[in-house]
Amino acid sequence: MKKKHKILNDPVYGFVSIPYGIIFDLIEHPYFQRLRRIKQVSLTHYVYPGALHTRFNHAIGAFHLTQQAIASLRDKGVAINLEEAEAVSIAILLHDIGHGPFSHTLEQTLIHVHHEELSLLFMEKLNEEFDGRLDLAIAIFRDQYHKPFLHQLVSGQLDMDRMDYLNRDSYFTGVSEGVIGYHRLIKMLNVHEGRLVVEEKGLYSIEKFLIARRLMYWQVYLHKTVLSAEIMLIQCIRRAKDLRSQGIPVEAPPSLAYFLNQEVSREDFLKDRDLLLNYFATLDDTDIAAAVKQWQNHSDPILSHLSYGLANRKLFRLSFYDQPLREELLTELRLQLAQHENLPSDGEDYFIISGKETNAAYSTSQDEINILLKDGTVQPISLVSNHGIQSRSFTQYYLCCPKQLTINSEQFNKV
Amino acid sequence: MKKKHKILNDPVYGFVSIPYGIIFDLIEHPYFQRLRRIKQVSLTHYVYPGALHTRFNHAIGAFHLTQQAIASLRDKGVAINLEEAEAVSIAILLHDIGHGPFSHTLEQTLIHVHHEELSLLFMEKLNEEFDGRLDLAIAIFRDQYHKPFLHQLVSGQLDMDRMDYLNRDSYFTGVSEGVIGYHRLIKMLNVHEGRLVVEEKGLYSIEKFLIARRLMYWQVYLHKTVLSAEIMLIQCIRRAKDLRSQGIPVEAPPSLAYFLNQEVSREDFLKDRDLLLNYFATLDDTDIAAAVKQWQNHSDPILSHLSYGLANRKLFRLSFYDQPLREELLTELRLQLAQHENLPSDGEDYFIISGKETNAAYSTSQDEINILLKDGTVQPISLVSNHGIQSRSFTQYYLCCPKQLTINSEQFNKV
Amino acid sequence: MKKKHKILNDPVYGFVSIPYGIIFDLIEHPYFQRLRRIKQVSLTHYVYPGALHTRFNHAIGAFHLTQQAIASLRDKGVAINLEEAEAVSIAILLHDIGHGPFSHTLEQTLIHVHHEELSLLFMEKLNEEFDGRLDLAIAIFRDQYHKPFLHQLVSGQLDMDRMDYLNRDSYFTGVSEGVIGYHRLIKMLNVHEGRLVVEEKGLYSIEKFLIARRLMYWQVYLHKTVLSAEIMLIQCIRRAKDLRSQGIPVEAPPSLAYFLNQEVSREDFLKDRDLLLNYFATLDDTDIAAAVKQWQNHSDPILSHLSYGLANRKLFRLSFYDQPLREELLTELRLQLAQHENLPSDGEDYFIISGKETNAAYSTSQDEINILLKDGTVQPISLVSNHGIQSRSFTQYYLCCPKQLTINSEQFNKV
Amino acid sequence: MKKKHKILNDPVYGFVSIPYGIIFDLIEHPYFQRLRRIKQVSLTHYVYPGALHTRFNHAIGAFHLTQQAIASLRDKGVAINLEEAEAVSIAILLHDIGHGPFSHTLEQTLIHVHHEELSLLFMEKLNEEFDGRLDLAIAIFRDQYHKPFLHQLVSGQLDMDRMDYLNRDSYFTGVSEGVIGYHRLIKMLNVHEGRLVVEEKGLYSIEKFLIARRLMYWQVYLHKTVLSAEIMLIQCIRRAKDLRSQGIPVEAPPSLAYFLNQEVSREDFLKDRDLLLNYFATLDDTDIAAAVKQWQNHSDPILSHLSYGLANRKLFRLSFYDQPLREELLTELRLQLAQHENLPSDGEDYFIISGKETNAAYSTSQDEINILLKDGTVQPISLVSNHGIQSRSFTQYYLCCPKQLTINSEQFNKV
């Protein structure tokens, strides 16, 4: 008998079944295979060395959880027909297909288009190749389908995307803080008036999920050494672009060279979609990594210093503060840099970086997680929880600069 | 108080303590950091998508197990002084530092030197940088120290290398078959007349370890899709070298270009060690991956076909047979290829590959695993085990070629 | 060579080393072996069927974590000599030795002495048997030693007791919510002015620990079905005592019979310590379980009804409310019961039970968890955390009665 | 909407769904609830302290795996209708319901009927209570249904019973040796001409499964300390029966007393089924444990010595030998015992026990595991495997006696 499924081994969930047909064909497509070369969490492996998993792994995992969610909802009598099930599966599979090299890190540096918009462009291009079979998936992805809970499975405060990445990032970093009881969470999902709800007895699990997410932010995603490496990478790409714009040669593989040479905007992508998508589709982490290695020997001291640091993990120091940095302190640091004998005197724009990071595990202003109470009514979790949902966003200011510079800590209010 | 250790998160073992001092400094060295860019199991992730871990992860893990083995042996009264403990730790940390891109896969294609010899050259170079502090580590690595059990911890049929890679490859592939009870194994180690032995009650655990290793070979390391991908990579590099030797340009990052342009032998490395090591040290998986992507557009149809297949996971079919392939069958396949409209007619040397793979989980001809019986005597496990140690090696013959070719299966004796 | 340690297999932590000497001898003692017959979490297995682990498992686990904490603190330069290390190990090993059958459940019903007091009495008795070798352990247990951090490891808001039970109860229930990063927590411990502190970078882990504990309370320890079973057990024992006090025979194994026949107070234990401890030491879960099974056939309908329900898991319904129950509602239920044809009409004192449960994951009024900030100062976590430590206690009121009775839910304010 | 399933938390598999209806009702039945009080692996917890899981846990787990096997087979086009699915689920759920206290240990001592026969009697009794709804389950259990693969899922060399107990015993003992890749195994099942087969690519997994089973036998089930405890329990019950048969009172809970007083045979059960099943159904581990504790104080020194040892884990020494013990050596030991001042001089029948244990992980004489080869033919695994299936049974002889006796080891041929 002909097999209906391809089985993949996923260390996080075990076997994942991929049905032959459009789902299998999309995974086989070079656009999707490319995700094998884009790390899920950028340079996090410089702190958590196991965190080498990719957008490919994540997309497959989120697809797998979506199958479980569909089964669980159907088991409760929620109507989801075959076409809808396939469409929501396609939408989750492709939700991150627009990510470029190092995922979020270079999103505003190398490409000036949000990855979700690129995901949509890829879906539209694939829809043409697949003769319109992605129509419904695209409608769900854009939240234009009359069963909003399908969109919420793909994108929401309790979607299969978040569930997978918390599990997966925990598994590959080894940080147990992110482990969530996804089995229980999925079993507790239900639909009420077309929207996703969580049954009341899943309340503690949701609280735990939100806390796990918050802790993963501060312990992993915004870890200061990770942030420092990512900032250095941004500066490195910025410098390469600047040098090229000044006519100074900076070697790079052809697809990277294309995006170093010009600022490509959303409008450009819309205007010349097929060409630009194909350029973009050949670009991934390996181009950046190979280029950075080469740039260690570049004659520009700023570029070579940043590249050496990135290639060999000699990273800037990053400190967090609970208020914005005063301008005079930055001035003082720039002066130190200018006078430092081993650092490029004109490097201040690339070597002294300040900014802020904000995180809220949960937002009460967006589409809230709703709880289906035992009496049949529905309430947002922020009203139901006895334990205080942390909805307030939380901001920290940072300073990132070479370890050779001295920060006068009294002048700062360090966290 | 000053910290004595740096803590790393390893998803396999949890926290790993790295003592500040020479161990920490070696890990920080660019030669070692480079291992972050060399995957432990080459292209295995094409079958087991999570298998993205690197030689860096493995070296740290093997180092960690070595600390446990030292503690366990000392607990039993085996004398290991501070200097010896450090030296064996250095030896295990650096045992794989000589691996090139894609580890074993390209060992006889890109570089014609065994990785252990390169590891030794790196150690000698580092020994100079560290003023002779690696002398004892090198002696242990070369088995020239008067306590042979220290060498056996680094290299033997039950060394910390094998223990780590079985654990780690299981974790990242998700194949539970390789999980070994390493805690128990390490607790059962002892030393008898200077050599490593295993206490009798560890007998079942050793049997399980040998079986786990054998199964991992056939289920993971020699999986036919993995082997196919690796063979294609070898052919791809071979073709790039051939083209260059014919004067046809083949773009590549500079360090890769260096090794594509000439056959570098062991003698070359000995003659011009520092220069060649530095070239070699800038070469890793990312160069190959970036080059292969570029080569998809090369004008040579053989190179572009292989590169496209590798970059997008369109792999040759590989089949195993229990006897060598008959020459007339290969001839028939070459004829098919020559006449196939979508395959390069002159590609037979790169597109029709046959060979064999041999595996024995355990060898009775080498230094055997010895069991310390309860009566105080020592016997090799092959004599002690009641359950038949599989020492006989096991060979399979393979044929690897494009899926478009038809193999007349009646003529073969397929496994 | 003589072995120094006995190795135990613990599914939660792997191997646990028990040093030969007083630690081993205490574990071998019948008083300690008795803990094998006392379940850690009473009747929780009626909801989480795997939760069959015992006080024996927990004591060994807490001992194991204490060894890790000692090693971690010493690694940071905290002075803990051999005698102190042994004493704190003994204290944690024996901290729960005074628990009676079904742990906390019957603490105020069968024995009117707090288990910590009984633990102390057992330690004093053992101290006599072991010729005063428990002196220091007892001083630490009573917090009368000049290094208070040793007592805090045994009993405090972040002690090895809590760390083990969260891990262990998670493992055996399968509720992932309780999994804590104990490795990280222990690595972050330090001592400041003689008291335990947690280094600042362990802050998130502590928050996670407190949340895990709170969630385990509501999801496991105070689960309504668990609470219902425990309430029924209390009523069952109460009834058996009442019947006996009325001269009605109620069969029971001899040691249970002793405690059913009389109220044994703290004063009694102090007066006649050795005799009473020996009676108590023969009493465990198996006596209660065997007796309850027999009582199913007792002629008293109240006792037989409760016993049948307990033996066959036909449990009362328990509901939580956010305010105390009004007396008239209880009156109405008692009336229903009196008129119900299948329930004993005079059973109201045993069949209609109301009460309250209060939980705070963390108390700011007790000895707080203190954080050692990077600047060297120490602050209580409730001041340092940006994320709002839940110190407020949280109370729920419950009603527990047979399912046959109808609760007019409008009159209640159900949670 | 009414729920269709009850969810149970199983630490081994996570959530287990129990469909409301006959499956749920059978689990609720007192006969099944009784399995909560029968440990799966008898006294194994004396060596592996976590091994406290029960036949209840195992039956639920085997039921869960059966659901997965049904789904996997259906996915391959094997026809299994609703009624058959329910019947095979009932058969696996009840396959061990006939186990008495301490499972296999007392099977030939306390009750002289094999547990499978008692399981069948219970099923027939339940079939009457459930108006014939167990007819098909019973036919499957007895292998009298025309689809033999359904019986093979319940009882065979690769049944759901074995798969669950290897997983579960590994989880609760902490012995990783027994972990099997059950997901993979179940995915590889298929049906060929009505009988269960394993697809060829599952070959390694089957080999691993057989090895895991063999190692669990020697490392856990036949561990010498476990065996010693079980032998002591058998002697203890034997002695209690002997004393009672001599008219000497031996206290025991009523249902235990019933079986101590008389030898109950298979014929008795058939003759007086309902009465005897009800007696038997009230008997479980707690009766034995409570009685053994009491018997420590019995005036008979043989009974009290055995009981004290069992209650406080002071166990006999057990040694394995590779050939039967010579009679003169046993005679010499009996002499020692008769003259020992602290042991009962007439205790030889209870204190000096010799016997043998045989294990084969796999039998080629029974219904073999069959492999579905890629060419569509089916072969028994013993012919297909390249790695030598261990089908030969393996026997060890043991001697079990008090540690106070001296065994002249030269005279024995100890393993």
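Here the chain labels run A, B, C and D in written order, and each chain numbers its own residues starting at 1.
Keep in mind that, in the parts below, contacts are C-beta pairs under 8 Å (C-beta built on N, C-alpha and C of every residue); 3 or more make two chains touch, one makes a residue touch a chain.
Predicted, not measured: the structure shown is a model, and the values here were computed from it.
Least step count on the touch graph, chain A to chain C: 1.
The greatest centre-to-centre gap from chain A, using C-alpha centroids, is found for D. Pairs B-C and A-B differ in how many C-beta pairs touch across them, and the larger number is found at A-B.
We define each chain's centre as the mean of its Cα atoms; on that basis chain B and chain C are separated by 50 Å. If you average the CA atoms of chain A and of chain B, the two centres end up 32 Å from each other. Contact with two or more other chains is made by residues 14, 175 of chain D. Of all residues in chain B, only 8-12, 14, 28, 30, 33, 36-37, 45, 47-50, 52-54, 56-57, 60, 171-175, 253-254, 282, 284-287, 289-290, 293-294, 311-313 touch chain A in the complex they form. Taken in their complex, chain B has these residues touching chain C: 1, 4-5, 7, 14-15, 75-77, 183-184, 187. On the side of chain B, the complex with chain D involves touching residues 175-177, 179-181, 204-205, 207-208, 211-212, 214-215, 218-219, 374, 386-388, 390, 394, 414.
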